[in-house]
Amino acid sequence: MTTTFPLLSVLIWLPIISAGVIMMTGGDENANWARWIAMVASVIGLLLCIPLYTHFDVNTPKMQFVENFVWIKAYGVHYGLGVDGISMPMVILTTITTLVVVLASWTTIKTKVAQYMAAFLVMQGMMVGVFAATDAILFYVFWEGMLIPIYLSIGIWGSANRSYASIKFFLFTFFGSALMLVALLYLRIHSGSFAIESFYPLKLSMIVQIFIFIAFLLAFAVKVPMWPVHTWLPDAHTEAPAGGSVVLAALMLKMGVYGFLRFSLPIVPNACQQLDWLMIVLSLIAIVYIGFVAIAQTDTKRLIAYSSVAHMGFATLGCFMIYLIVKATGNIADAYVSLEGAMVQMISHAFSTGALFVGVGVLYDRLHTRNISDFGGITKPMPIFASFMMLFAMSNVGLPGTSGFVGEFMIILSSFQGNFWVAVFAASTLVIASAYTLWMFKRVFFGQVVRTEIAALKDISALDTMAFTILAAVVLLIGVYPQGLLRVLHASVGHLLQLAHVSKL
Amino acid sequence: MTINMILEQIVFYAAAVTIVFAGIMVIGSRNPVRGALFLVLAFVASAILWILLEAEFLALALIFVYVGAVMTLFLFVVMMLDINLEPMKTRFVRYLPLGLLVMALVLVLVIFAVAPQHFGTAKYAVPQHASASYSNVKELGSVLYTTYMYPFELASVLLLVAIIAAISLALPSSRKRRLQRPGEQVQVKREDRLRMVKMQAEKKILPSRKWLKKR
Amino acid sequence: MVFFPNPIPVPQLSLVLPEIVLLALTCVVLLTDLFIPARSKIISYLLVQASLIAVAVILILQFHWPTTYTFSDMFVFDKIGSLMKIFMVGVVFFVFLYSRGYLRQTRLPQGEMYVLGMLSLLGMMVLVSANNFIPLYLGLELLSLPMTAMVAMNRGSGIAAEAAIKLFVMSALASAILLYGLSLLYGTTKSLDINQVAQAVATMPNSQYPVVILSLVFVVIGFAFKIGAVPFHMWVPDIYAGSPNSVVLFVSAAPKIAGLGMAIRLLVQALPSMNIEWQALLIVIAILSIALGNLVAIAQRSFKRMLAYSSIAHMGYMLLGLLAANPTGYGAALFYILVYSIMALGSFAVIVLMSNSGIEIENISDLQGLNSRDPWLAFLLMMLLFSMAGIPPLAGFFAKIGVLEALIGVHLVWLAAYALIFAIVGSYYYIRVVKVMYFEEPKITDPIQYSMEARLAMSVNGLAVLVLGIFPGVLFTLCQRAF
Amino acid sequence: MSETIRTLSLIMVCAPLLGSILAGLFSKILGRKGSHRATIGLMLVSLGCAIAIWILVIFHGGSYVGTIYVWGLSGRYHFDIGFMIDNLTAWLMIVVTFVSTLVHIYSIGYMADDDGYTRFFCYMSLFTFAMLMLITANNFLQLYFGWEGVGLVSYLLIGFWYQKETAVFGSLKAFLVNRVGDFGFIIGIAAVLTYFNTIDYQTVFANAQRLFDANTTISVFPGTHWSVLTVICITLFIGAMGKSAQMPLHVWLPESMEGPTPISALIHAATMVTAGIFMLARMSPLFELSQTALTLVLVIGATGALFTGMVGVVQHDIKRVIAYSTLSQLGYMTAACGASAFAAGIFHLMTHACFKALLFLAAGSVITAMHHEQDLRKMGGLYKYMPITYITFLVGALALSAIPPFAGFYSKDAIIEAVHNSTIPGHTYSYYCVLFGSFVTALYIFRAFFLAFHGKERIPADTKKHLRESPWVMWVPLIALAIPSTVIGALLAYPLLYKANSLFGNSIFVLPKYDVLKGMAANYHGWFSYALHAFITWPFWFAVSGIFTAWFCCWYMPNIREVITRRIAWFYYILVKKYGFDDFNQIVFAHGGRRLGQFFYYVTDAKFIDDYLVNGSGRAIQWGARMVRRIQSGYLYHYAFAMIIGLLVFLGWLEITDTHIGLFKLLTSNYFTVE
Amino acid sequence: MISLSSYLILGAVLFGLSIAGIVLNRRNIITLLMCVELMLLAVNTNFIAFAHYLNDIAGEVFVFFILTVAAAETAIGLAIIVLVYRNRNTIDVAALDSLKG
């Protein structure tokens, strides 16, 4: 439905304007002002998502809450916003995550607080922009513009090796998206408009489709990240401050998969079909190979970072299994499970991994180390914290009842329809993911308390508890009743599947 | 072919050969003073050619402006600066093949374009000689202040620039100015730029850090 | 008695009013400056700025006038020229504004600098509105000779003198090459008037083709040298590194606009029918410029040198628009160069302002911890650098979009991809500077001192890339409509 | 009626969950007492509901199949949470709630001075919830939910004492091994979804025959054509192997004994580990259609029954002995399922739940009394101090050894006989395994019994001072379990196994050609004659000889053990090493996996991709930059030269190439036009 | 009859010579400047020849301006050379390499 109230615009610009206001609070002597403004802004953002969800019409794949103005006439660029079933959950996800980040950084960030909060609010606005943009250039503007605040957040508030990590992150993602711009411009030349939907009916020859596919692939694969362009992620996640890691894991990575759904599948369906084996193989490598890599980690953040890669492998697998499934069963309706599984997997991963990063941030803030071997027996002094972490670890492992299960379950089930071995490799995550997650959990949280610092730890503060409770509630809610999420997806996923199976040759 | 034509050809070729020779000498002479003098020769020979081309005013201007002023300036500067010529000797010969190659290439490529097939008499007939009443100066003058008024004004501004620039550059520098001295800059030592200050290290070490160090 | 055999119409002086005003006021400045004691140089400064404002106002008021030729068709008044002139005047205004403190501190001769700068500006203005090879050449020389003098103006500096002599010799060489090309063009087309040349070339018999090709190459080189594109770029880094900061500020921005103006006059307007040929040449030049500029900039420690190489790369990007050889492309190139002039101006301004305290800031490491010393300045410089790197939503991004779209419009997709891949390489050195400013702690913690108006100007300058990034439409449309 | 059952089931399932939440989140408010009261109260509610449902289902023929809520809809598939309450479920939930309730009560005493008291009750209730979800499931999703849920709680409870390294290790191992099983299980579910297009039991079972008739095959490896049903059954059975600790996925169960003893009783003896057996019975309509799968089940089960039991003989930890016994008994149950005697398997499950829980709780009682000493070598002669424990343990041991008329006899004998009568390939081997197994069973349990309660007292002096019978909260459950351990065999053998229309109703499907129990029913003439009949059967005498051997070696002539051990040292060594499974797993999987991970990380990822490719390209660019930088030599003539080179190249290029078809065209041609 | 191309070839030769001179000259800057003058001479000759053969005064006018500019240029160039010499005490081209890289 269309409302006259520019809800999406408000969701984009409110945080950005708040960021400006925060910057005006000045130095760290007014840090609490900055914190409170950030908090208020993010809570308002979250509240604004309620009408977004309730007024969302689940029966139509059309864009809703549409806003469309000419932005730059000379370029033919529109300020076009709108959400469908695929992007709406992502918008909500963004606002929740920002609130969590604000809560989690309340005490851990002590220097340049205003700049920090501002950076994250700008990120929020831009991220919503990415998910809500219906114009390719607007999308790209947000997509790339986000690099600036996140680059700064890693670089300024990161840990020892932050410069390297931030530059690596920046170059990697910039590298990926450069060619996408060429593809978008190319499409625009032929469709005459930058509206993403105008690219859908475009007829493109196979070779052109493959080129565009590769351009998109680079952009999105880097963000997802897919093997072998994933190596920025462990560094960036590890060095970023807790909030940065959360935003990276919870949101940035999703943009990649979102890109596949919004661009690759509907714009170049034939190339996707042609190259789906590549995507599947890369996804499986992410799941299995990266899983093993995660086992070998000695750094908690790095381990979770690698686990992110593995989990996102599921999301990409879900996106690209659809062709095999339809080929095997001959029924497009069968592919829903896979694609919706991918969506659920993305959202679930955001919460569980985000929460784990917040958790590691809590520990890092107190013990100034991330090495697994420096921990041990954390449960004893911090039982509440440990319980939360156990929940999120279990979601990471994909335990039924938590959100992590839903996506994996759906994707494994549907990938069997496509190919037996794909399902087998995908299902191997059951063992591998639990191996690395729980082994780390064991070494960090269980065992004897050997260090006096650990024995002296206090359990998490009320603010942290609040942040964790929000995350835990969502994790459980999605795990127990995913239909609440799935129902908003159906129409859009169905539409997407139609588009992805229309030959454009 | 009239005698005039023959004469013209003799003059042309003589002047051309002179110019080329002078040019070679300009490049090749070790002493810039000699180079400058050969350049004067080239200018004079060119002036002859220009007269052949009925550009008397410009030919004279070339002599007056170049030979009279510019080259004098050159010589003046050359002599004012005490140039040590010794270390420069060997390089010329070493790079001669390269120079010749470049020159040959340029010549081939350019002459290919300006060859008679494009600019021969077939395409560009030799114009009739101007009548005796023809005045190059008058001709030039009549357009210079009318059609070409705009560039003429610009040229005057250019000369103004030259005056300002030359004066302000050549003016001896005043004492108080802060200067860059590259020699000193190059020889700067790290002690000059960075002062190491001994400070007492922070005493309070976080317990966890200590623990980490122990490992 | 008829002294003038062919009486010519009186030129429309109103069209040339900006140039006339500028020249007149320059002379006034020149004269007054002589009699002003060193302490009161602010008078000449104010005079200079006032005259620039006057010129700008005239230009803006004239902007909507139709395209007109005057001075026996030697001067053309059109939108391209007006737009460029407005920007050039504006840029020079800012240059003087930033430089004042620096000039005072370094005791460079202020009056001469202003006068030479204004004369150079005059040269640029002449260059971009030339419709005949003669004013074009004169404008070019008028642009570069004062610039050369300015580079050398730090009379006690051997480095500056070295830079000046390099610039001088190279630009003399380039001028000579250009002139040689023009002479051949003149020979084949029998005219020096740009429109007539265009007509002649279009109707030229095939047999003359090699000659035009030859002259084309010479002309392209002359122009490529002016904007500093590879392989005619060699002077650029040395001049940037060797000149006083305020001169770099001058050299880096406005003359590039004039360079594009020259290209438009010479290639687009004089040789439109040779577009396939100059397109090919420009492709090669652009490829080389983008690669070399971006690559070598990485290896630089000096901020000035780095920006010099970055300017080489940016000229490559600008050429991408030009070589599309259609109005969209020209408009995009124009937009690119205008945006670039703002970005270059701002980035150099930062080091000029930082040098106010008397120490010549030139290395990247001198920017260490700028965020702690002056967050606002750091923020502005960051915006400028990200804009140069082409990150949205800053102006540099839309500039790139414009040229790339033009490029893809003529099916040069591979070139667009190539350009973007090197943009990634290039982004490295920009973000490295951001890293130095933001992620490192300063060695010197003194706040940076500079005047209020410089701060204001800097803010305007830095925010301009943001505003132009969010609303590039107006300027872009102006650029497109100019063609 | 079905509505009533639905409501009751909901209450039954949710009550423990509520208890768990109360004990978990509000323990600070409730306190220790409040927590256990809440959980036990709610467990009693649950038990009551279970009994009510049982009555409704068994005696009034009620049943309920339906959806509680839609978990997810996707495409043409729907995933629900729902109940399928039939006879099988009814029996199982009685067992689960009954044992759970008793263990809850018992824990009040056992865990009395533990820090994690409320946490313990929280976990136990949570476990009960998950287990009930598992058995009430009407579709594979919920089955999997319960399946993993019990796995989680098992993990949490094994690692309950999280500061104990072995406990934490055991929990991790348990979880991982279970996950290996789940890996197969989820593949099985995926196969079900793929070939039945639904994961609802009813539809799946209804269509199984059709699928069998259609002879649908799947090509797992290129060129092979395996029956889909076989693939489904085997993959599902892999899940059961993990959960029910069948060889070779049994390795986690002994380690799980690191958890508190009530847990061992509840989870690792009575209920969770039998989930696999339940699943086999539940899936009987599928398994019956695949002989290959049945053979596998039979052979794996029988092998486990014998060989894991033998390891129990050499254990010194009283709990480990019982743990290996559990492995062995699970083998029996599995073998029963493999022999298509699903009813016998479930029956044994029920009797086993009683007597094994009894044994564990009794052992727990001993352990508490001994101040958490579990080593049999430090016990002896305990019968004097703990009479109730002694007697109940004896009852349990007799039931386990299948001595008539104890419960175990009826179930186990039926299994051995069923395997004997089976016609499935592999039944002969299996028969000898289970038969000899009965000797081993009696041997190890009575070995433990004699070592603990009889013979010389080897108890440390300070322990001895405090040695006395456990409090009532502990022995009441013992007695409450001892009674069914004694009687339910006699009571239920006929109605469950041999009656023409058994109390399992239609919930278990057996093809007539495999129906071994039907043949055995002819020989069953009441519980007493069946018990008497035992005296002329092999299994009985094997068991008796087992008891005798145990008595001889452990009480009568304890020293002979040393001699025997020395004589068959190699065999003893194999048994002590548990056939090398643990070492193999440790080296190959744990170590190997870590090594592989390290290789992938340090070599492929960090070195190759990151260092060579990523940073390498960065370095290459920097190197290139430095190289190109040299062109800028600083010499004016080089600059001029560069310019002239440019001039020459451009000139040459343009003049030499035919400009209208040459390089320009190549550069500017339309590669990317839209066709 | 002297054809136009004869003049042009002479111009070309001069042009080539001066280019060679610039490449070859690794000595003082003065010679470099002289080479540039030579080059301008070539250009001027071209223009005048064209003007003559085309019978168009414009070429000659251009030459007029080129001469003017060249004079101004030389003045500034020499001033800079003086400056270089003052600061570096040499006008050796090979010594002017403190700016590079």
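Should a chain be cited, it is by its letter among A, B, C, D and E, assigned in written order, with residues numbered from 1 in that chain.
Assume a residue touches a chain if its C-beta (ideal position, glycine included) is under 8 Å from a C-beta of that chain, and two chains touch if they have at least 3 such contacts.
Since the model is a prediction, treat every value here as computed from it, not as a measurement.
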Most heavily contacting chain pair (counted by C-beta pairs in contact): B-E
Chain closest to the middle [Cα centroid of all protein chains]: A
Chain centre separation (chain B, chain D; CA means) in Å: 93
Cα-centroid distance, chain A relative to chain C, in whole angstrom: 43
Whole-Å separation of chain centres (CA-atom averages), chain B against chain E: 4
Between chain C and chain E, centroid-to-centroid distance (C-alpha), Å: 25
Shared interface positions of chain B, touching two or more other chains: 102, 106, 109-110, 112-114, 118-119, 148, 151, 155, 158, 161-162, 165, 169, 182
Multi-chain contact sites of chain C, meaning residues that touch two or more partners: 134, 138, 141, 145, 148-149, 152, 155-159, 165-166, 169, 173, 177, 184, 187, 210, 213-214, 237-238, 299, 408, 413, 428
Residues of chain D whose C-beta touches two or more other chains: 629, 632, 634, 636, 640-641, 644, 647, 651, 655, 672
Of all residues in chain B, those that touch chain C in their complex: 109-110, 112-114, 117-119, 142, 146-151, 154-155, 157-158, 160-162, 164-165, 168-169, 171, 173-174, 176-183
Residue ranges of chain C in contact with chain A within the complex: 371, 375, 382, 386, 389, 391-393, 397-398, 401-402, 404-405, 408-409, 413, 416-417, 420-421, 423-424, 427-428, 431-432, 434-435, 438-440, 471-473, 476-477, 480
Residues of chain D that touch chain E when the two form their complex: 629-630, 632-637, 640-641, 644
Touching residues on chain D, where the partner in the complex is chain C: 621-622, 624-626, 628-629, 632, 634, 636, 638-640, 642-643, 645-647, 650-651, 654-655, 659-660, 663-664, 667-673
Residue ranges of chain E in contact with chain C within the complex: 4, 8, 11, 15, 18, 22, 29, 32-33, 36, 39-40, 42-43, 46-47, 49-50, 53-54, 56, 58-59, 61-62, 65-66, 69, 72-73, 76-77, 79-81, 83-84, 86-88, 96, 98-101
